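In the two complexes below, subunit A is the common chain; its partner is subunit B in one and subunit C in the other.
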Partner chain A sequence: MSGLRSYIFKAAVRLLFFLVNVFALYLLLRGHNLPGGGFIAGLASAIALVLLSLAIGLEELHRVMRFDPMRMAAAGLAMAAVTGAAPLLFGRPFLEHFDAHLTGLPLLGELHVGTALAFDIGVFLVVVGIACKIMFALGKSTQRLRALVAEEERRYSAPVEQPIEEEPPIRAATNPSTPSPHVS
Partner chain B sequence: MNWPVAPILLPLFTALAALFWGRPGVGRRSLVAGSAAAQLAVSLGLVCATLEGRIFVLGLGAWPARFGIVLVVDLLSALMLALSTLVALASVLYAYAESPTRAEHPLRAPLTQFLVMGINLTFCTGDLFNLFVAFEIMLIASYALLTLEADDWDIKHAFPYVGINLFGSALFLSACGLTYALFGTLNFAQIALRAAPCADDPRLWVLALLLIVVFGIKAGLFPLYYWLPNSYPTLPIPTSALFAGMLTKVGVYVLLRIFGTVLPHELAFAHTLLAVMGGATMLLAVMGAIARNFIRGILSFHILSQIGFMVLAIGLFTPLSVAACILYIIHHIVVKSSLFLIGGVAMRLNGTDDLERMGNLWKRTPWLGALFLCQALSLAGLPPLSGFWGKYLIVVAGLEQAQYALVAVSILASILTLFSMVKIWNGAFWTGSDRVPVRTSDWRWRAMTAVVAGLTCVSLAIGLGAEGVVQIAIEAAERLLDQHAYADAALGFLGKTAANPIP
Partner chain C sequence: MDATELCVALALGLPLLGSPLIALAGRRLGSRVGWLALAFPLISTGALLTLAAGVGRMPRRVVEWPWIPTLGLNLSFLVDGLSLFFGLIVSAMGCLVVFHAIFYLGRDAKHAGRFHATMVLFMAAMLGTVFANHLLLLFVFWELTGIASFLLIGFLHEQKEARVGARQALLVTGSTGLALLVGAVLVQQVSGTGRLDALLSAQLPWEQHGSLLTAAMLLLLLGAFGKSAQLPFHFWLPNAMTAPTPVSAYLHSATMVKLGVFLVARIYPLFVEAEPWAPLLGTIAFTTMILGAVLALLSHDLKAILAYSTVSQLGYLIGYYGLGPADGVECDYLHILNHVFYKGGLFMIVGIVAHAAGIRDIRQLGGLFGRMPLLGVATLVAAATMAGIPGTTGFLSKEMMLKEIFGALRDHDALGLYATACVALTSVVKVAFSVRLFANIFLGPMPSRIQRHFHAPSIGMQLPPAILAGCALGLGLFPGVLDAPLRALAVEGVNRPQHLSLWHGFTLELAVSSLVVALGFGLYWLGERTRWRWHIIPRALRFDLAFEAGLEAFSGFTVRVTRVLRSDRPVDYLPILIAFAVGLVGGTLLWNLPRLAGLLMPDWTAVHPLRTMVAALIALALVGVLVLRSWTAQLLSLGVAGFLTCFYFVLYRAPDLALTQILVETVTLLLVLLLLARFPRSAQAGEEARRPAPLRRLFHALLALGVGGTVTALVLMVTADPHPEPIGRGLLEQTIPLAKGSNAVNTILVDFRGFDTLGEITVLVIASLGCLGLLMRYKRTPEEYRQGPLGPPGAGFANEPEE
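And then the complex of A and B:
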């Protein structure tokens, strides 16, 4: 990985990170009626984060951006689900969306907004969170880092975690309660 | 109007709440258990409403049924929802009884709820692609659950499960594409209307075969079942009960739905194929069960063997045999889950589930023995327990069709089932040995047995109230096979259009 951490790459990524994220925002906002949307925007944004992690390293990224990708995805899912379920309160079908055309806004003039945007932002967060989680986990395993940072370990790991051993565990050999590999 | 979405949204929000709650504790446990009970209540409400002849239809996003995705809950869907939420509730309660909060994996509760969400969406949906999505939700949650508390031995056995299901998903996706190319729609109701005139079209036969392979993988039919019996025993007991009860039955339900409601009824070759595959599955799997010598392994093979009975009933394809299949599903889900849970209690008491090192359970814990006898004999099909009625109807339907070979195979499989159940009974309960400890000092087994007793009561009620349950099953089968009523109901959702602003 050290080969990538050249000065030029770092400087380029510093610029690209913002460019890609702005493009992701653009994709997100145009998504409802034109090609784009939360999913593709989330992928673009995740790519920006992966680029940043390549430039500054995964440990440094964790220090700079203190977010838990799992919680981000869960928050996005909650946002999408709440947006979908909100019409139920008014007796409308699940996932129905509403829009409004606002005129005479200061600075913006006319604006067409819809609840679909909130749903798309939820999708965006889910995709960013999941993509980051998967790629960071893979990246960590290639760099021999621990799979979970301390905070994640507190939240998501089993209370009695056994390390995965190099050799087959002794349990398999002596305890017949595990199935035999062959249908004997 | 929105009731069909409730059994999907409740698990989703519960899973999210559990994720944000963080570490397991009493509060989180009560939340999840309360939600599971609420899901069961909603599903039972749906059963009551659909028994009166209603079909719930919900077009998502207020789109008309022809353009959007519809959720359709008829009697069969409601019954399946009730069963899945019942088993989920039992599994959740059993997990609480089994381990203290500090030993609980924090991700197990959210993942289980996501799994239930996927299962429920499968039962509710009225759209082929949405069915694919439901399968994916269910499968991804099941992959995670399968490897969550696993060591590398378990992961090795989880690998075939993941592999074949990914392959099945790819095939399913191509089947969706083929369907869209043939009919220009993925809506069940519209496919049913458009497929009805082309029962002789070979392209439809290809589609039917493809769907048999896809859902045969899911259900565990004869040439496609090797992934199941090694992967299920690696799961923690409460999760394995949920898997054993629901996941393969999802495949059977979809076969019922596809061949009953969606595809034309004249596909005789596909029905014959299903019947033969069912017969082969029940015989070969029960032989596998006899060869195993630990409880979870025997029970895992029995899941497959029983799937054979259900698919045979679908293959005979008369209204009576479809009713028999539905009755068998109702019986089997409850009995199979409770047998896995009983196996878990026995394993806890003896410290192993290897039959050669178990014993003394009948002497020390007669109540557990009684529960096991009840459920095991029900699985084997002894009257008046619930398993008997399903098998009886299948045999009657088979004799009506003059399928004597398949009837003989099913009776032989029942006898072999009884044999392997007696093997568990002898090994774990009847054998008296001084060297086998029975750890009754650990009070947790009592709470676990109480959960199993609840499920056993349901199963006994099904067996003793068979007359009513058979009537319900016949009713559900008639509605399932009535393609026009289904299509009218589903396509009757007009949604929000210019002429009809309020759906």
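And then the complex of A and C:
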């Protein structure tokens, strides 16, 4: 991997990272009316992040990002679920969307916004988070790093972990009335 | 909310809602939380007593709150004599047991909050079961009692016996509970309603659906047998005695195991005239009765003796309903009340004795009367009640029992004879182990081991059994007191309590009763003479061992099946999956080939030059995958095919698909490249040695051709005969008016099919969490597991790529 990290590559990827993410944002925002949407934007953003990781290295990216991408995915899922559940509070069906057409805004002029966008942002976050998490784990393993650091292992492991197969056989109950015949 | 609703809500709802609060308060209050828990049964008892006071005026009332109205299932509760009788037993016994448990657990009890919370939850579930007015609601509460019982039996879950006993109880009562559910659904389907008030006031359609109703009855009774530990399910009750003693006193003698009896009483008016009712109940229940009594005599553990005698008494109660006449039985309330008095008390006494002496084996106990006189007297009364000595409710119960059984002798020929024999023998055995229980604990010399060990129990612990014994004695001496309340609680068609009196004159029953007592003492004397050496439960009667062996055999079987079927290489599964799919779909197509032949002919006039070219390029790229050797080159070639597919989508004016395809292609490429980087260079170059055998390659080639052929045929068919009303058209039309967006692909994703998308992203998150878990478990040896929950450092991708 070290061969990739030439100065030009690094500089180019930093610029590209910015551009691709702006493009992803553009795809996300226009998604409702023109080709685009949360899923596509999420993939684009994830690709940008992977490129960045190739350029500056995973350890550096970890230091910069400071959070677990799974948290992003969880936040996205929560956002989509909340957007879906919010109409229930007003006695409307689950996942009903509302929209509004705003005019006379400063800078923007007209703006058409809807709750569908919030749902789409949730999808976006889930896709980015999960794609990053999986690709980072694989990427680390190719660089002879541990796929998950100890903190992450604690986070994702079951509370009690035991081998699936090597369980000792369960013996029959010892009945309380089992006699020990020669005690009297 | 009128008075009835308020009382039901207080009695049932309060403990149900309060149980989590107790668990929370337990963290702060420690063992004092018991006093808080005591409030709930007290309130329930008060509320039920208020209800019972008015039961004479309005025999049957229904209280209802909506729950799942679309299923016709409401929180509907039936308040009548039967439910009030059982409800009062549950709540009053709850007061005594919780009070007892406060002292039993002691000041420094751990998890007192959890214990009391589960107890109160159990009480709420019991009350829910007895008051439920809908069979399905009854089932829900029924299983909730099973779950609470599981938690309470397994309360000391560090002990293996507790875990095994809890699992046994849950499996037996839970699975027979499912039979109850099926029976309830059958009754509901056949009669059109599952509401008990409607069922009880109407006739079941026996003429039209006789066999279905018989099946329903058998299933309901199966549920009752499981819960009440009737043959062949009797084994779980003694093993459930690993629970703390207050739990045994409450759940496994006084209340939960009586649910089977309750259910039989509840459905008594519906099914009593059915053909198999009397023979089925009679045979099974009376066999259980005699078997339980004999096993109790053969046991030495104090709690096992009581558990088996409970099984025996439950057998009698159920069999009693089995032989009853169509217009209702006479003394069921008396028998149940009597059993609660002595058995609940005896369980607590046994707990206290084990607590004080540290021993539960009856052969090692003795001489405790001097140390615990109050408990000794209470035990004497309770044991006398169990044996049926005059002056106790047990005597009344036994007199009635004998009188009725002689009546049954006239009504049912062979069955009556069998029942009479069982009752007579059981009574003799019961006298014997009652005497043994009192005499061998309290009389005789005190073993030195106990003298060293003994510490006196607190008075609070001894109070509840003393109260119960007092009830047994007081009501036994003045049975007339019981007349009015029992009559008020009588339910038409189930029971009609008679006047009770101590002295009936010199009757046949009295003679038989005296003979039984004499024989019982004789049996005890015989046992003492032989020092109980012959007392070993035969292996053939240890059903629990067979049950556990069966469970173990089942889990062993699944392991063996997995060993045979599984493969460590995922590659091995792929041909199986593909072959199955191709065989299914392609086979169906081949089967219907004559009819489909017309559809499978391509329409050559529709060929478009640009599209054809792209398709040809895709095919060329795929040939590259086959011809190239290096993995990276193969991958890139596959990528080319993917990007050309995007172009193909563009030609069909599907920009969203094309965009998605490009990005998915890129991400996949990156992922697979990363994976390939993990392999050694020699493997990446495509070693000849790794090529599979020729026969295998031929199979794979055929499989690939099969997939290609099937998909081609499907595409041709779909395009040749499109659906007259494709679903997409409607969505395209509605995307702007309904979803307010002009990109139909996106409006489908976030609006029309938003629920699907939500489900998909949920699955995505769950699946990746599972992947991360697998990443950690990857190839860890048992030694590494033993090193701790997280294993050694470097787990996960520990095997490094070789250079």
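Basically, the second predicted complex is superposed on the first by the 154 of 184 C-alpha atoms of A that agree within 3 Å, B and C clash if a C-alpha of one lies under 4 Å from a C-alpha of the other, contacts with A are read in each partner's own complex, and residues count from 1 in each chain.
Keep in mind that, in the parts below, a contact is a pair of C-beta atoms (placed from the backbone, for glycine too) under 8 Å apart; a residue touches a chain by one contact, two chains touch by 3 or more.
Note that the coordinates shown come from a computational prediction; the quantities given were computed from them, not determined experimentally.
In the superposition on chain A, A:38 contacts subunit C only, with no contact to subunit B.
When the shared chain is aligned, subunit C comes close enough to touch A:120, but subunit B does not.
When the two structures are aligned on the shared chain, A:81 is found in touch with subunit B and with subunit C. In the superposed pair of complexes, A:131 makes contact with subunit C only, with no contact to subunit B. By the document's definition of touching, of the two partners only subunit C reaches A:144; subunit B does not.
In the superposed pair of complexes, A:48 makes contact with neither subunit B nor subunit C. When the shared chain is aligned, subunit B and subunit C each come close enough to touch A:94.
Contact with both subunit B and subunit C is seen for A:70 once the two complexes are overlaid on the shared chain.
The larger set of touched subunit A residues comes from C, when the choice is between subunit B and subunit C. In the three-chain superposition model, subunit A touches both subunit B and subunit C at residues 70, 74, 77, 81, 94-95, 97, 154, 156-160, 162, 165, 169, 171-172, 175-177, 179, 181, 183-184. Residues of subunit C that touch subunit A in their complex: 161, 164-165, 168, 238-239, 241-242, 295, 298-301, 303-305, 307-308, 360-361, 363-364, 531-533, 535-537, 542, 544-545, 548-549, 551-552, 555-556, 559, 655-656, 659-660, 663-664, 666-667, 670-671, 674-675, 677-678, 739-743, 745-747, 749-751, 754-755, 757-758, 761-762, 764-765, 768-769, 771-773, 775-777, 780, 782, 785, 789-790, 793-797, 800-801. Of all residues in subunit A, those touching subunit C in their complex are 27, 31-40, 43-44, 46-47, 50, 70, 73-74, 76-77, 80-81, 84, 94-95, 97, 99, 112, 114, 116, 119-120, 122-123, 126-127, 130-131, 133-135, 137-142, 144, 146-148, 150, 152-154, 156-163, 165-166, 169-177, 179, 181, 183-184. On the side of subunit A, the complex with subunit B involves touching residues 70-71, 74, 77-78, 81, 85, 88, 91-97, 154-160, 162, 164-165, 168-169, 171-172, 175-179, 181, 183-184.
Of all residues in subunit B, those touching subunit A in their complex are 1-2, 5, 9, 12-13, 16, 19-20, 22-23, 58-62, 102-107, 148-149, 151-153, 157, 229-230, 233-234, 288, 291-294, 296-297, 347, 352-354, 356-357, 495-496, 503.
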